[in-house]
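By written order: A, B, C and D. Residues from 1 in each chain.
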Amino acid sequence: MRSKGWGVLIAGPRAGARVTRSARNMAHLYGWLLLLPAAALLALFTHYPALGTIYHSFYSTPRANRPSVYVGLDNYQSMVEDPVFWQAVTNNLIFCIGTIPASIALALLMAVWVNGKIRGRGLLRTAFFTPTILPMIAVANIWMFFYTPDYGLIDQIRGLFGLPGFNWLGTRNTALWCLIVVTVWKEAGFFMIFYLAALQQIPPDLSEAAAIEGSSRWYFFRRVTFPLLMPTTLFVLVNAVINSFRMVDHVVVMTRGGPDNATSLLLFHIYEVGFKFWDVGYAAALTVVLLAVLALVALGQFFALDRRIHYR
Amino acid sequence: MSALARPSIIGDALETAGAWLLALVWALPILYAFWTAFHPGEFATRFSLLAPWTLENFANAWNAAPFARYFLNTVVLVTMILAGQLVLCTLAAYAFARFTFVGHNVAFALVLVQLMIMPDVLIVENYRTMRLLGVLDTTLAMALPYMASAFGIFLLRQTFKTVPRELDEAARVEGCGPLQTLWKVYVPLAKPVYIAFGLVSVSYHWNNFLWPLIVTNSVSTRPLTVGLAVFSGSDQGIDWSIITAATFLSVAPLLVAFLLFQRQFVQSFMQAGIK
Amino acid sequence: MSKSWTTKLATAALAAALSTGLGGVAIAPAAAQTEVSFYYPIAVGGPVTKIIDQMAADFEKENPGLKVKPIYSGSYQDTITKVLTALKGGDAPQLSVILAVDIFTLIDEDAIVAIDDIVKTDEDRAWLKSFYPGFMENSQTGGKTWGVPFQRSTPVLYWNKELFKEAGLDPEKPPRNWAEQIEFAKKLTKRDASGNTTQWGIQIPSSGFPYWLFQGFTTQNGLRIMNTAGTQTYFDDPRVIEALQYWIDLSSVHKVHPPGITEWGTTPRDFMERKIAMMWQTTGNLTNVRNNAKFPFGVGMLPANKTPGAPTGGGNFYVFKKSTPAQQEASLKFMKWVTQPARAAQWSIDTGYVAVTPAAWETDVMKKYVAEFPAALVARDQLQHAVAELSTHDNQRVTKVFNDGLQAALTGAKPAEQAMKDAQREADRILRPYRR
Amino acid sequence: MSEIVVAGITKAWGGVVAVDRVSFTARAGELLVLLGPSGCGKSTTLRLIAGLEEATAGTVQIGGRDVTQLPPSARQIAMVFQSYALFPHLTVAENIVFGLKVRRVPAAERARRLQRVAELVGLAQLLERKPAQLSGGQRQRVALGRAIIAEAPVCLMDEPLSNLDAQLRQEMRAEIRALQQRLGMTMVYVTHDQTEAMTMADQIILLREGRIEHSASPDEIYARPATSFTARFIGTPPMNLLRLADSLGGAAIAASNGPAVLAGHGEAMLLGIRPEHLRIANVGGVTAEVVASEYLGADTVVQCRIGDQSLSVRGAGHLRLGKGTPVRLTWSAEDAHLFDASSGQRRTDGPAMLAP
């Protein structure tokens, strides 16, 4: 690999001045060769399937005696008429609203505490962060135990106050909120880490300068810390949104989408349609919706939010 | 924070109490599950300080399902993914950090697409691909979609970009080829980032569930998470003591590693998050 | 597998040729073997893997030249997934145990052969008639038999004798009809001073697959909720709605059943914790309850209404199309061998599944077991009233629609009639293509 | 008015004492410079005055009021940080009026004062910019503006010029001094740069390892350094310190061959002479050998050697002296200083100085 051309392979102003055509070609070739393995896998498992999903959503599900045929918008038509789809979309929106602000707010609070001079902050940090490294499956198992009517932990605690047992996961109105609580519990510590990292990047003399001006902690937080954390908040927000459309492990374990689809999320519905009913055509159409949502998030991040909070 | 207008002692105490209360709420589920796992079944639902401690639940769980095999599967899976990621992401990141080639901007944008559209949501199409490749129900099928990690490429590219060009040039003057330079200059300098990425990747894939659930259906490939879900989803009714024991069994290596190397874990996650 | 089978054949032939060629000293290996790969799921506890492996080994000993390779394939859900995948990618098994209700899915995928097409002798045909008709209901459609009953179960009523005594009930007499069921449950429900229920009279779990236990109600109400062709359901039949209303009323009117969706998995635990006095559960849980309940308990048939009744459940043997005639014959032999009375009896004793032929119950080993543990008899006695488990084309989807409807009604989201009408309309929509 | 009295202030972290019983007074309207090498405790002393650190012992009074227990905001001070501590997400204007907003000064009043301050520090054109869009000097002005808009009687500055280049530093020096005098602020100014101290201060406090080494006006500290440390810290190149040895008629510079420079015993004493006070003579004086010479334009610094002791000589113009050239050095007796070799204290009780 000791080629003579290597001397000018490296791109850059200094090397650029002396670049010959063949050396430039070498750089192109080298770049692509290095990229190739990763690019191939990305293309095969991200780009191709994303496009393939759109393509297949216009085709019927192949069955033993009926090969797949072009059906136009039929799959989308069934989607519009599918009450479970609408239920799943609604659930997912509630899930977003329930998990995102709560976990971000808690994460911020935790980070501020753990970053401060509070006593025993090592222990606090451990307590907040541990749920993050546990698998959602394990977390769901543990929480299912707590939600058990009558003798589960939550009802036992309620029992101390003379409250009756309650069927948390078996009641339409509470089941989704149970999942939301589990999700917030698991995610807040994760997001806390990002806030913690960002807080540690804020120079301490800013708070000293503010102290001399007599600003209260709250005023400083509102006027300085919080605005300075905006890029982190955006990052966390985007992650939280993606996660709320990506995480269905707890649904699989705790409720299987029930009762009566009250906890069915979009991806869980796709999973059921695709891998229980084996209706891959329809599952593709559902996935297109999910992709559209993610594309929207990406665009939102790119255009609306990013611009407003950039100050560096 | 001490410099800011000092709140009253009462306010301080209230805040400390609040923080501790929240931490307690956060720790309680794990502590209680831990307690349940180490006590006989009849104490699963009533708390008593005098309850005898036991390891029987762990023995029962271990015997009731092939957890040893699941462990092996998970370790193989996580290792395979990490090894693939390290190699592929290093090469790609190097290309993006130090080479200007035709379409590198477009290529980079295409890589970043994966940050939004993770393989987790493309289950239907990826399953189709795996079937065509004839690798269903293998560890490879679980690993392939994650090997080219956009996150890893991005992270390493940022790191490689901070390596001073002088070092690169010095290595070239000494006669290193591009791969040698990568190996001798860039990789050693990025060691902390590799560790950070490794920890994040291992904990992510140790915990991954949906995709392995879909592509595996036998004991010889199924990772811990799926094994645990199958185990606790049996038609036979739920024994909380055994299920919590099984739960702890399957998270133990990660949990113990975390508790021992907490600082490194937190630092790594922070480092990976700052980008 | 067929490919590897030919390879094996070729290898064997080559080996034989070589060994004879090298002086003819070595004895030629046994003639070409027929190997059958066999998927089986495990749905209940116990050392099922060991038992199956032993069975295969014993079978091979008695039938030289035939080989059965058992492959544990996870849960029922895993097994059907694995089979459907394998069908498209090759490497499918020749024989598998799969849920009885997946019969239409397998037929629609053109995956299995009818058992009638591989039986040849009169003895075979007699064997095929030796099973309980209740089990055969889920094995037959369109005048053909597609599956052979193997791991089968049925739901029964469990009751806590101690709590019966406390409530002033005869601990040996379970409720025999719907009215008694409510009456007993009322006596068995306890409330504390502030009106909170501390003990429920009865629990019929409704998570996961509520349709199965619900079929107990509909059968008792004199209705089979689908046709044998698997193309028509009767979810909005007044008898279904009446049965559903009865279930709902248990909690909403009579307050003897916990409200909302009760969890299948935790119900046995609730029973052992004395939170509930009676429960409907599968016979598959007999061993579990027997080992863990700290009080005497009884097992009885589900209470009757117009008629006694319960659905069956569990798995059948299916023989796959992608297999050679020799393999199909070997599969048939294995199925016959496994379901012999003595072996079926032993299987039932070891696992808790219901022995599938009347003859099995007449064996000495079974008689001895029943004498020790009479509760095991209940399932058999109930079989004369048993009907097929809900099974249609596009089964998972139709079942889900029905489950959703049931859960909607049980959680009060929709009135029973509305829920069942909606479910029926959805089911019609799904099944319409199959009615042509 | 706004006199600052620091009495016996001490700051210790664990066993490490950063500031050790430091006492001084900054009179109202005076610019007091805390000077010293890095790690001498000057910044900590400033932060103790500001209330950003809690004192381990001692008191701080500002304007006759004991503020030791008060939070920074209650001390009526302004402060400029070394890093400027500008809020990166706020504009110049917002940064300057930050404190006024905190104190709920009415908007009209804020605008009026902002206008005045902006003109004072020359930022009127840049009020809508973010700190990232400013040059180093402009940022410095913003920090200054923020410090003076509060109209606090006391202003604390923590090495405010250390991030600027030499040219700018010189300009800002004059500006800050002028501003301080115009507004009549009492200012405590921390720096490690003795030039800044000499040019700006009314009073210099030289700190060393947490203690006051010397406290005096610039004139005084230059002319009569209290210790050999002070003597070497102030002035460039630093004062020459030479060991003495007893010889005929008093004490001579060790390893020189005369003449006597001190009328008496000189053992254990150091003779201090500033380079600018040494003269190269044709006759008499002490013989030295040129080691090297640096031509600085206006003058030349010549490195010489007497035996094993080196010393520098500052002479006007371009002195062309080759290496190894012998020179004769003389000075006036009143320019010579005498220090105790072990304690470093100035000796005023010693024998009389002699001019060589």
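Observations
Quick note on the criterion: a contact is a pair of C-beta atoms (placed from the backbone, for glycine too) under 8 Å apart; a residue touches a chain by one contact, two chains touch by 3 or more.
Values in this document were obtained by computation on a predicted structure and should not be read as measured data.
Across the assembly, the chain pair joined by the most C-beta contact pairs is A-B. Ranked by separation of Cα centres from chain D, the top chain is C.
The centroid of the Cα atoms in chain B and the matching centroid in chain D are 55 Å apart. Spacing of chain B relative to chain C, judged by their CA centroids, is 39 angstrom. Shared interface positions of chain B, defined as residues touching 2 or more other chains, are 3, 5, 45, 233, 240.
Those residues of chain A in touch with two or more other chains are numbered 148, 151, 208, 210-211, 214-216, 275. Shown for chain C are the residues in touch with two or more other chains, namely 81, 263, 266, 273. Of all residues in chain D, only 50-52, 71-74, 77-79, 81-83, 85, 87-89, 98-99, 101-103, 130, 132, 146, 150 touch chain A in the complex they form. Across the complex, chain C is touched by residues 41, 45, 64, 131, 134, 136-137, 217-219, 222, 230, 233-240 of chain B. On the chain A side of its complex with chain C, the touching residues are 63-65, 84, 148-151, 162-165, 167, 169-172, 255-256, 258-262, 272, 275-279. Of all residues in chain C, only 77, 81, 84, 108-111, 194-197, 206-208, 258-263, 266, 270, 273, 275, 394, 396-397, 400, 403-405, 407-408, 410-413 touch chain A in the complex they form. In the complex of the two chains, the chain A residues touching chain D come out as 203, 205-206, 208-216, 219, 223-224, 227-228, 230, 311-312.
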